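Please find one structure pasted underneath; my questions will follow.
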Amino acid sequence: MVLVPGNSLLTATPEEGRALALTLARHTIHNIQPGLDVLQGGRPNYATTPESLMRASQVEALEFQTIAAANNYWRS
Amino acid sequence: MVLVPGNSLLTATPEEGRALALTLARHTIHNIQPGLDVLQGGRPNYATTPESLMRASQVEALEFQTIAAANNYWRS
Amino acid sequence: MVLVPGNSLLTATPEEGRALALTLARHTIHNIQPGLDVLQGGRPNYATTPESLMRASQVEALEFQTIAAANNYWRS
Amino acid sequence: MVLVPGNSLLTATPEEGRALALTLARHTIHNIQPGLDVLQGGRPNYATTPESLMRASQVEALEFQTIAAANNYWRS
Amino acid sequence: MVLVPGNSLLTATPEEGRALALTLARHTIHNIQPGLDVLQGGRPNYATTPESLMRASQVEALEFQTIAAANNYWRS
Amino acid sequence: MVLVPGNSLLTATPEEGRALALTLARHTIHNIQPGLDVLQGGRPNYATTPESLMRASQVEALEFQTIAAANNYWRS
């Protein structure tokens, strides 16, 4: 299971950077729990529970901090 | 579902930056749970539970850290 | 509901910066839950529960990280 | 209730910086809940619950990040 | 129990950096709980609970922030 | 109870830095709860609960961010 698809944190745009951040988080979870059926089995629970959705967005926010800094916030 | 509306982290003011941070968090949650009815169904719960409101503000604080750094804290 | 009163992260002192950080968190929560009665209704719960008070201080710590960096830690 | 005693983030040593970080967190909680009796009433609970102690140390870690950066990590 | 295998935060690629971040988190947990049987005994629980998987990915995100900054985001 | 043993964040290696981060977290908890018997009494609970172990590793990750930055990530 690749942890960093493309093996780079550099993206052309914030949108791509945001998507990469989501991918990093998902690949980490998939690395910890390789069973796709288990992960999909948990979705009806977390995808309908506000607290779980917020925690997922919290992880995304942390991952995006790293990607955004890596890309110098796409300022240029 | 666009993750970063406008595909830029740069805003004219802190107020706009703060609003963008809220938008990033909401679009991430909407990306994870596309069902607007599900999201709205959860609102009576999280919007009246102090712990959930605090977690939402925690995510906002993290997203705003990124936006503020991107805009060099609107110092100029 | 204004998210960043004064539309600036710059303050004269750490004390003002700390107060602004509290204000940012409160205005975010108020933005998510406009019902003041709902917010005040939750206070007897969160303001007497150690875990909730700690979570609130955690959000304050994150917001203050941003404000302190914006003001270059009031070093000068 | 003063939020930042001494109105400065600068300390002579890491030890003083660490103590200031604890003070910032405590003053924030005291600002949210002015009732000392309420705060002391919660102590038998949080001070004997591992998860609560960990959350308190998490807040301290975040506050210390800010103080350490403010003092350039006391490198000189 | 070594905390930082190789005693360096520098890696050749983001993929290796991401793996090192996972290792740091795991070695810390193993340092706190040396009993491998205890750790493995907990897996059926945390590896099938969405909230736990998210918390694990949150720790990974934090550790990766450090590794990525250490490697200047592998920009060169 | 000393908060920062050695009163410095500078260490020779990442391994020592990682150990210092653990020490900072532990000394903070011990500062909040001076009762060693209470702390040891909580261990059978937190040291066998995945969520608690993850939270402890989260605090370690935050403390290590500070120590690593203080030591310029031991790049030289």
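Lettered A, B, C, D, E and F in written order, each chain numbered from 1.
Keep in mind that, in the parts below, a contact is a pair of C-beta atoms (placed from the backbone, for glycine too) under 8 Å apart; a residue touches a chain by one contact, two chains touch by 3 or more.
Bear in mind the structure is a predicted one, so any value in this text is a computation, not a measurement.
Spacing of chain C relative to chain D, judged by their CA centroids, is 16 angstrom. Chain A and chain F have CA centres that are 27 Å apart.
Shared interface positions of chain E, defined as residues touching 2 or more other chains, are 51, 55-56, 58, 62, 65, 69. In terms of which chains touch, the assembly is arranged as a closed ring, every chain touching its two neighbours and no others. Starting at chain C and stepping first to chain D, the chains sit round the ring in this order: C, D, F, E, A, B.
Within the complex formed with chain A, the residues of chain E that make contact are 13-15, 17-19, 22, 47-51, 53-58, 60-62, 64-65, 68-69, 73-75.
Per the touch definition, chain E reaches chain F in the complex via residues 2-4, 7-10, 24-25, 28-29, 31-33, 38-39, 41-43, 45-46, 51-52, 55-56, 58-59, 62-63, 65-66, 69-70.
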